[in-house]
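Pasting in a structure now, in structure tokens, and then I'll have a few things to ask.
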Amino acid sequence: MKIVVLVKYVPEPTATWKFAPDLTLDRGAVEGRLSELDEYAVEQAARLQEAGTASEVVFLTVGPAKAVDGLRKALAIGGDSAVHVTDAAMHGSDALATSLVLAKALEKTGFDLVLTGMASTDAEMSVVPSMVADRLGINQATFAGALSVEGGTVSIKRDSEGAVLEVSTALPAIVSITDTNPEARYPAFKAIMASKKKPVTTYSLADLGVDASSVGLAAAAVKVTSVTPTPARTAGTIVPDEGEGGAQLAEFLSSRGFV
Amino acid sequence: MSEVLVLVENTPQGIRKSSLELLTAARRLGSPSAVLCGAADDAAVASLGEYGAATVYVVPGTDGYLSVPAAEAIVDIAGRTNPVAVLVTSGPIGKDVAARVAVRLGAGIVTDATDVRSEGGVVTTSQTVVSGQWVATAQVTSATAVVTVRPNAIAPEAAPATPAVQTVDVAFSAAATGAKITASNPKVSTGRPELTDAAVVVSGGRGVGSEEGFGVIERLADSLGGAVGATRAVTDLHWVSHDLQVGQTGKTVAPSLYVAAGISGAIQHRAGMQSSKTIVAVNKDPKAPIFQVADYGVIGDLHKVLPALIDEIGKRKG
Amino acid sequence: MQMVRFVLGLVMTVVCLGLAGRRLMFLYRLGRTGQPVEPGRTSDTGAAVRAELAEVAGQRKLLRWTVPGVAHFMVFWGFMVLLFTVVEAFGALVWPSFQIPVVGNWPWFGFVEDLFAIMCVLALAIFVVIRIKDAPKNLGRRSRFFGSHLGPAWFVLFMIFNVVWTLLAFRGASINAQEVGPSGKMRFLEGAFASQWFAKLFEPLGQHTNEILETVLLLLSLAVLLVFTVFVTYSKHLHIFLSIPNVAYARRPRALGGLLPVYSNGKKVDFEDPGDDDLMGVGKIEDFTWKGLLDFGTCTECGRCQSQCPAWNTGKPLSPKILMMTLRDHALAKAPYLLATKGEDGEPTTALTDADKAEAQRPLVGPEGDETASVDEHGARGVGAVPFDMLWSCTTCGACVEQCPVDIEHVDHIVDMRRHQVLMEAAFPEEAGVMLNNLEHAGDPWGRGASARMEWAAPLDFEVRQFGANGEETIPDDVEYLYWVGCAGALDDTAMRTARAVATLLHEAGVEFMVLGEAEACTGDPARRMGHEFLFQMLAMQNVETLNTAGAKRIVVTCAHCFNTLANEYPQVGGHYEVVHHTTLLARLVAEGKIAPVHRVDAATTYHDPCYLGRHNRIFTAPRELLAAIPGLRVTEMERTKEKSFCCGAGGARMWMDENLGTRINLNRTDEALGTKPDVVTAACPFCITMLSDGVSQRQLEGTAAETVQVADVAEILLRSVKPEDVPTPVS
């Protein structure tokens, strides 16, 4: 079984993020990293390979030149090779364009199972897995809290209100993995060095047969008109308890919808 | 007026509040049509009507599947109605549906909107991005806009209408029925959620005072349906088990609500909970660093404040 | 008879020296299987000679413990002088009236020989008393001999006693049996008072019997001496030979302070482009350098290290002594494999027993979660030679290195083993992974990120100059010090108070300083002490580039760990600065009158020496000078102070690991501090302060400490005396 893991290279969450004049996230201005949420999928793939379930594990990303660092991190955790789709025309692409490119790349790499994180830690949309599934016409099992593969069937556990659902689907399929799965291992330096020797193939849009005009900022059907910093976290309301503290707190929780 | 398709959810307790919020938002964009998967009872239709649904499309045959049949139903209806927008509630199902619908319709998609409005006939949204650090506004330029809306972001307002009910029979594709729900295991209601999964975490620190005193933390967690956490000091004192430790060397949590009781808020603890969306602190010491990160803080004895809070929550729940 | 005794003596000597020589040759070959040492270690002959004079001849470290130190001094010098009597005995074997040329026949020479022999016996008596009083069966783990080989130790004492009395008895018989030699009567024996006692004892037996007795006793004394020599080569008592090279080739000035970079085959490993065969730390016993193997052989199991070790004293499975013994046992057990001739594939060409093969396969460090791992009475047991928890219990406080009389480098060996575990196996206490990830991604151990690094300065009523804030590309000339705030100072609420206190005091003193703000990142100390050299190198190179680009020359730092790294380790990556700890700088400013502690601080205090300030960097006086300069402050020292200071428990990246084994180190130290009845416990390192604050809070909760006891940095107390209005009530 061949697993392809979709990963994203995202800005460091602790860094101060900036937006470029075209209102896209200025990825050049901040350090990047492999999205923490994708690391869960990378770890799952590595485990499936170690268990002998997967015969081949490939990591796939779409992103700027530096995104290869994210692939290297994934390769330090496990897997055999990686594919990096990079093209200047991709700048400003929305989820539709990204899913289009990923689907084309997946057609090129071939796969039995596609794994990915439940969301990226930058765009936080969680829609790419379903989009890719739709474009490829394959089964999907998203937001998997746990995953098992047996024969040609993938089964997941998915948290829903009041119940944990078990969902099964036949391969080929795409599964997105939540952060309740095991955390990615800490790669040894040895593994980091070994990852540098694993092959990374780079594709341009032309290599995938994607028309550059169908992606990028201009093709996006959503136009961001403004991005402003959230008003600085206003100092919280701090009240002394004069007998009414519990009730005041209940009122606050109620106003936030917790009660 | 153009239709706005709204995916609504029916439960044994009635139509979900978040669905009514969507209907309210939909009215700003056009004529709301509810898409209801599963059986439509009178009560459901009535409450959809109360919030302005002009049409209720009832889609049978989606039971036992997660989200793809619903998406195909919306695509099917949209093919005939050319809606100006499709609104769904943010969440696993909503995200799945919105994603598929957007691809099929070639529609611009916005997720986790906190506001939806029409500006000059263009669907315009607001949403927080980058972990809530920035607010973006966006215009959807495609004919149909697909928007997932955060629950509790828009207050539902009634606008009574008498909906026309249409049953829509959709021929689902193989992909739509490819993933089956094989089991549904109800969560044990007495047990608390996993610390790292919980939407609400109530944590106690050294200020709780004793192992026995920790009971009040557990009672509050239960009344909020949350998990119990603790600081390293507390687990080191063996008041609670070690696996409840939140912090640098324990678990990292990011719940919607984090209640820190008797916790001073040393950086080692904050490292494990600083991403929580809403932080509430109760502490005797007004200078405790936890108040710097708290959205709401009560300076006082937690053994007085928390029991009062539990009572109050009980009263509000009825 | 003369012939018989000569032949017998010769046979004994040849056999025993042959046995000992064979053993020593085996040990030498075993030692040679180790890695080369780093360049420069063996080249400074002058320093080696000075070290031999101080440590071996002067017994410097032994004498820190007065009673056992003096006793050992007596045995050591007793044996040195006894060597003359041994020479005389061997001489007598060949030529009955042998005397050492020139001095040999002077009565005072005989007197000195006997005096030292008797001193030796006295010292043995002291050792016997110590060993009975401190026996593990009475004191359990509190005994420094717990885990040592007790039988052999008693046997050694017994044999030394036998060596002494047989030599003296032989000389006594000689007095009675002597013939007048070519140089006349053996006058030296006139001074040999102890030998005279034996002579008196034997005199009634008559000349003839004494002649026989002389031969018998000579052979007996030589036999005892030779058997003892053979025994020594097979025992922990090898230190009498090995301590000499071990001291000569020790790391200087001491195996504390900065750690050595990772060496492979004697060359520094380049982490940007490591060789395929480069060793990353120590993963097998033969990955230690020969000096490491020499350390294990030299350990004489005295347990001075064990008695000081914070891990051992709080019930954890680490004793530096037991670790050395464990590694020695493993090296010896693996010797058949190590010394076997290897084929081209690296596999032994000669057949090994199954037991030898098993030992060769045995991992050096026990795998994580090895249930069979334990430290039993005589060492460690488990799948690996060294149990996992033994390796990870170390705080790198250096108390063992400080104490070791034969200059064993325990901390370096522990870090080297951790390096392999982390770099090659990714095996370490899981919870520390959060810290490592945070260092890598956020540049600080708590994951706050660079953007939070100036928050500490916000409450100050003057502006803290931040490098680059006004577009400067190098540090302006008017800036005297770059203030390295450190992650704790910038991000930890308690340490922020110290950071602000130091900033305020420098401001008051008119010292121009600047901080790096967002450009500062963790120095890499916790990563390095965990063995994550790669991460350390990344952080160090990043910081050195920042500092060198900014043109930093003089740096003041509040964290003892940052101080150690900046001062002692950054030179390894091209960062050469004059680094000063805030206590040193403040003490200087007080002495120069630029800071005036005029307000009384009526409080009792005690000062905790942070390991990385004190033992590792020898800064003991500056913080004490500061406290002494504060009017009204009453300082009471703890018993374990200065070089013997007891760790707070945070070092060696233990700050970021759970402490689930034994009791808590910080409570042990807190209780000692509370024993001085302080109003405020002071220290000079943010991590010590965190640990001690936690300890005091816990004791307050338990009701055994007064609610009013505070923990604060020395600088904060100084600020109270300089500008009391600036000091907020500390949060307990």
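Read from first to last, the chains carry the letters A, B and C; within each, the first residue is number 1.
We adopt the following convention: a residue touches a chain if its C-beta (ideal position, glycine included) is under 8 Å from a C-beta of that chain, and two chains touch if they have at least 3 such contacts.
Remember, it's a predicted structure, so these values are computed and weren't measured experimentally.
Of all the chains shown, the one with its CA centroid nearest the global CA centroid is C. Chain centres here are means of the Cα atoms, and by that rule the chain farthest away from chain A is C. More inter-chain C-beta contacts link the pair A-B than the other of B-C and A-B. Between chain A and chain C the centroid-to-centroid distance comes to 49 Å (mean Cα coordinates, whole Å).
Taking the mean of the C-alpha atoms as each chain's centre, chain B and chain C sit 57 Å apart.
Centroids built from CA atoms put chain B at 20 Å from chain A.
Chain contacts: chain A has residues 13 touching two or more partner chains. Residue positions of chain C with contacts to 2 or more other chains are 447-448.
Counting only residues that touch two or more partner chains, chain B has none. Put simply, chain A touches chain B in their complex at residues 13, 17, 19, 23, 25, 94-96, 99, 121-131, 133-135, 137-143, 155, 158-160, 162-170, 173, 179-180, 220-230, 235-241, 245-250, 252-254, 256-259.
Chain B makes touch with chain A in their complex at residues 66-68, 71, 92, 95-96, 98-100, 102-104, 106-112, 124, 128-142, 152, 175, 178-187, 194, 196-197, 200, 224, 256-257, 278-282, 286, 291-301, 304-313, 316-317. Interface residues of chain A, counted against chain C in their complex, comprise 12-16, 31, 33, 185-193. Listed in rising order, the residues of chain B touching chain C in the complex are 206, 209, 233, 236-237, 242, 248-250, 252, 264-268, 270-271, 274, 285, 287-289. Residues of chain C that touch chain B in their complex: 431-432, 434-435, 438, 445-448, 491-494, 656-660, 664, 690, 694, 697-698, 701, 728-729, 731-732.
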